[in-house]
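After this come two complexes, each holding chain A, first together with chain B and then together with chain C.
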Partner chain A sequence: MSFEEQVDDIEANTLLGGQPFFSRAGGKIFIIWLVFTVVGVLIGAYAPHHLLPGLLSSEGGDVWATVVVFTVLAAPVAAFVYAVGFYSLIAWRHRSDDPDVPPPDGAPQRGNGPVTVLWLSISTFLVVVLLFWGITVWSAQQTTHPNTLQVNVTGQQWVWTYSYPGTGVETRTLELPLNRPVQFNITSVDVTHGFWPAALGVQVDANPGEVTVIRTTPNKLGSFIVQCSQLCGLYHAFMNNQAAVVTSQQFDSWLQTHGATSSAANTDADISSGASTTAMNK
Partner chain B sequence: MGVILTFVVAFVAIAGVAAYFVTETYTSPNAPSGIEVAKSLGTAVVNGQTLPHVALQFQTYPDASGTVNGKAIHPGGNPSWPAYGLVNQFQVPAHALVTVTVQQYDSGGSLNNPWFANVHGTVGGTAVFTTPSGKTTVANHWDPDNIGHTFTMRSAPGVDSNFFLNVPLPTNENLPTGSSNDDAGQHYTVTFSFISGSKGVYAWNCEFPCGSMVASFGGVMGAYGYMSGFVHVV
Partner chain C sequence: MTTAVAPPLLEDTNLGPKAGGFYRHQTIWTGLGFGIFLGFVAWLVSHALLQGSNWGSDMVVTCTMVGWVLGFNIGMGTFNAPIRWMLGHDQTHEDELYAAGVGQGRYRYLKFCTDHKVVGTQYLILVMVLFGVGGTLAMMIRTQLITPHSSFLDPQTYNAIVTIHGMVMIIATIIMVSGPFANFIMPIMIGAKDMAFPRLNAMSFWVVASAVPCLLATFVLGGVNAGWTTYAPLSVQAPPAMDAFAITIIVFVVSVTIAGVNTIVTVVTMRAKGMTMGRLPIFTWGAVIGSALGLYAMPAFLAVMTMMITDRVTGTSFFVPQVGGAAWLYENIFWIMGHPEVYVILIPPVAAVLEIASTFARKPVFGYKVAVAGFVAIAALSIMVWAHHMFTTGWAPNLAAPFMLTTELISIPTGIIFLCTIGTMWKGSIWMRLPMWFVYLFIWNFIIGGVTGIYLSDVPADQFFHGDMFVTAHFHYTLLGGAMIGATAAVCYWFPKVSGRMLNERIGKVAFWMIAIGIQVTYFGMFWEGFQGMARRIAYYNPHYEAANQMATAGAYLLMAGWLVFLYMMISSWRHGKLAPANPWFAKTLEWKVPTPVPLENFLVDPVVTSDPYTWGEDVPDGQGIPESAPEPEPELVPAGQAGTSEPVDGGTV
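Then we have the complex of A and B:
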């Protein structure tokens, strides 16, 4: 096939070429896109059930829904990129026997107003929807509640420690009462760590010299793992600990067994670090 | 044919790099070699349960490049770095009473996090601290501003998440002289016992900021084998 014939072949196979829709390149890409989109949407809708941990807080449910919605909305976009790339690799690969002959360019797209408007409109719509959704979910986590339990979280290579201000209790395991709002005051005494109790829908960096605040309300009983989510050195993988959501009676009993000097009814933000405080809603 | 060869070469390259890193984890050329198997002491009764009883003994030195009885503390070790020695990997049986004796030759200072001045995870929640002059104290904590090192141990994820051990080692004011540790006679002795967890790999490290750079957790604290190692529970 001569150079001119290859150009004619590509132009005839474009989206607006003269052949029937499903015979043209655009039609084939559409079919591939459709298949990829369906697969992507199914993965987005069902994979989180198997990949995310059991959720023990209402905020965790919001985060779970965000993962599903964002994945489903992103699926058609990603599918389009993969479909075009996949089709290009197969149909428009370089067929010349002479490796020194470069493949011809396709028809230029510059100046195609409808395509530009469509592309910008869809992108803008998706970004605005995702921004609005994200801010709404994030704002819910910043709401303060009365009777909030304060928990100071300190990250250090390679251990998390938790203190409950006003009780004198400091432990390596995290225990939380059911249906009581919790405010985590998170910091680090060495490098940056990532406080990640995934079951609570919380993931916040623990930064040295700063205290970062985030809130959640456990609404289901159960145990879970707190893991460091920032690569923090030699034993980063070992920086995890057991945690649990228990009844308020069990929580009070747990505090007593860990040497509580007073009840757990601490509601003031008694943040142990003398560093500046960074609230997430600033 | 070319495509198949490309995939084969890529697979071998990736597998080779992965194998290198796995091997490197346990056999770093600058890390102490060998695994010390805990010495059997028979059995012991703890809380009404009869358990196998084993013992471990190791030291902390101020000079990683030094030698003890002709053996290198840390082969090729940095002379300005401290080190545990002479090995950094230990083997103990699962669910056994493990009695550990640590001879602490190094100096120290203040912890970044005073929580590590407390004894956690030992039988009775205490350790026995013996000064260089022979005075013995049984305590559940030490002064957080006079810590030499800590022996802190936790399990690999999924092995025994409830296991956690931390014992502070007091600072030693009488440092040995010279680059060799052969004359390191003045030392604190800390003895404690713990019940080992389920079978698997456990990591231990020091939580005293005895390194350099960020919060003194760089340098020796970021290098494998000086202030860190593994305990193999079998």
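Then we have the complex of A and C:
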């Protein structure tokens, strides 16, 4: 046996269980893999853009980018599993007239070291990339900015109340000025709620007895909905309110109008908290 | 197995009229009767003493439920043997045979029966009943969500249904493989005559069976309105149904713990000669690792629910922030149970999928040791990832990065399991019988479940998706599309051994396609809802999400119809199906080498194990066979049944 033949022999026996690497099966699986990968990447690139709600902040943009990047990274791996699965279902399926007769045995292949190591290396590499992406984006979101607008958010069954410290404004609708960093200080007076302004791409629970903090910077004008994301009792589904990102001039005039009527809002809050106490069982 | 030297079947033993002692009088009817009686007595006493006090109704419900569970199990005979030992009587051999069901025919399925095959079948029926209940509740949820403001259910009922759907399905999926198949099949696979602790085995079943009525009683006790996670402090304020819920969990954990210990001890101590740990069928490894992980995870559930009950009944305020408790404490203990629990559900069916893939690809499991290492790595990592359920609670923001790391690391061993599955199919000679269809469906679904999981492991993306229908779709893809479809493959695979009859695969194929398409339509509808930003667990929604919800509901109806067809196939095949040969799949593991129906104590002649069961395509004699006849009496000091004393025989059953 010549040296080349020996090399061929070793390759054939170590890689795909006695078959040359680019066998016919390998080529066809490669094509199926390519098609699945392209489909996956296209879905990743287009679907989030069309499905996600209008995202009005840089954190919202991070959500979109993360979905796209992760889909693109995962698509080749998922596509490979699907390609082998589909190919085996079509090409290696044993067809016989009598379904009760078993096919002959397959190859006595108990494993394949190089393929396993390759698979492990690729998945480890991908995990490192995912982690690097996640930590980079997350730490960028943690930075604090000067001139941050403080908004105190209080959850109770089943309304959100927003107050803007220093202005005396307390409302049931949330308005935020464009391009100004905002910090939400969130708490609850009864049970755990989830403060979820989905369009801003941030979320944190409102916990009784604790103040939790999230920061975001609205960078687009638009209206959105704040929902409660933590099952909080009877009218959980109705615990949502309108919110909007407006220009800073509109925001200032909004603050002035609501500063005048905030005492009315307070009365409202008392009534509804009384109602929720009766609705609770104890 | 008709050979000259084979001993007579134990089933044919003629027991004396007193064999079994008190067991003779105990069936499910005495269990029900005594359970209701003791529950009523507990209600009467606690009501008389406590009603009107501050925590009265909670205490009354708790006492009633404990009374029912104890009464039912006393009535069933769960505690007979220990009580007899305490009174100084031992169980005779005849008593043990009676307890194993000898001479009771089909009636033994309604009794406290120590035969592992009876217990396995009982578990299978219970799991199907639970899936029926959980599925019906799911249909009610989906019906409510057809229109944005449906009046089909009121919000309190809706919340109660969401909660019980979740908990019923969690209980059913935890026991769906480790109950029926780790009990019925696994001991035969390793060449054992029964589980290590047959009485504890029967106890684990009747204890979990007695917990189910407590869970369903929540509907008449006001309903648990806090979701299956029952986050405090909402659950501390919930109606008395919450006490029944907590008792259910405590009783369930007792059952799972007993069953888990039993599985592990069986595999460690009861293997046939020659069945080394390295020769175990891969499913056995999955059952052991899943049980071991359950032993780690489930006690946390017991602890947290005990604290919940004391909070509600005695005012301890572990979880009530207003009086010094901590809601995050509840969430932490809950998820320390909750995430490993996901893998308690997943690992056994995934291992079964590998077993089935090997049989129907006529190939050895690809990377057997790597797959076992993968399961161990998944189990080990899964105990360190719980806080990814708490990324958006505000608890310990500094731990976001470490928990992101551990969560994403789990995708490496999970990927290895995928490699082993497709590696097993690689260049196989694929025999497309019904179980194999479900194996392919498992691969398809579990990839989608896995890929959508990585978005949720990323904190910035999770800030959008948490508490959103995207999460619901994701974990249904893993737990229904992955684990439950894997378990369905297992049902189809082992049905001929369990029931003695073949499934009607023509009907099965119809069910398969309805289920396969139903899952994709339902959960792609939910992904769509999730991307649009619809919160979970809401009874009413913004009309903006209507199209996506209608898609999900249509898919859910198709899915349920598929399961009903599947159920019809199972029942009709069980009653009138073609009789199954001992080894219809020509598989190599030991459970296929014993006759069908499997005799009591499984092996009339001890099996001979000289290799693992994955000798497909290798020109060697079958390493896991049962000799035609018992070996000759051997010289002293040589254990009976050792390899080499008789010829190993392939498929040595008639």
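Everything that follows uses one rule, which is that the second predicted complex is superposed on the first by the 185 of 282 C-alpha atoms of A that agree within 3 Å, B and C clash if a C-alpha of one lies under 4 Å from a C-alpha of the other, contacts with A are read in each partner's own complex, and residues count from 1 in each chain.
Rule of thumb we're sticking to: a residue touches a chain if its C-beta (ideal position, glycine included) is under 8 Å from a C-beta of that chain, and two chains touch if they have at least 3 such contacts.
Quick caveat: nothing in here was measured; it's all calculated off a predicted structure.
By the touch criterion stated above, A:120 is placed in contact with chain C alone, chain B being left untouched.
Considering which of chain B and chain C touches more of chain A, the answer is C.
Once chain A of one complex is fitted onto chain A of the other, the partner contacts of A:62 are limited to chain C, with no touch recorded for chain B.
Once the two complexes are overlaid on the shared chain, A:191 sits against chain B and chain C alike. In the superposed model, A:208 makes contact with both chain B and chain C.
Contact with chain C, but none with chain B, is seen for A:47 once the two complexes are overlaid on the shared chain.
Applying the stated contact rule after C-alpha superposition, one finds that A:238 touches each of chain B and chain C.
Contact with neither chain B nor chain C is seen for A:181 once the two complexes are overlaid on the shared chain. With both structures placed on the common chain, the touch criterion links A:230 to chain C but leaves chain B unconnected.
When the two complexes are laid over each other on chain A, chain A has residues 190-191, 208, 225, 227, 233-235, 237-238 in contact with both chain B and chain C. Touching chain B in their complex are the following residues of chain A: 154, 156-159, 161, 170, 172-173, 189-191, 208, 225, 227, 233-235, 237-238, 240-242. Within the complex, the chain B residues that touch chain A are 112-113, 115-116, 120, 152, 154-157, 161-162, 164, 203, 205, 207, 209, 214-215, 217, 221-222, 224, 228. Across the complex, chain A is touched by residues 155-156, 159, 162, 222, 225-227, 231-234, 237-239, 321-322, 327-328, 361-370, 392-394, 397, 400-401, 404-405, 408-409, 411-412, 415-416, 418-419, 422-423, 425-433, 440, 443-444, 447-448, 450-451, 454-455, 457-461, 463-468, 505, 528, 531-533, 535-542, 584-586, 614-618 of chain C. Across the interface of their complex, chain C is touched by residues 16-17, 19, 25, 47-48, 51-53, 59-60, 62-63, 66-67, 70-71, 74, 77-78, 81-82, 84-85, 88-89, 92-94, 99-100, 102-112, 115-116, 119-120, 123-124, 126-127, 130-131, 133-135, 137-138, 141-142, 186, 190-192, 194, 196, 198-199, 201-205, 207-210, 212-214, 225, 227-238, 280-282 of chain A.
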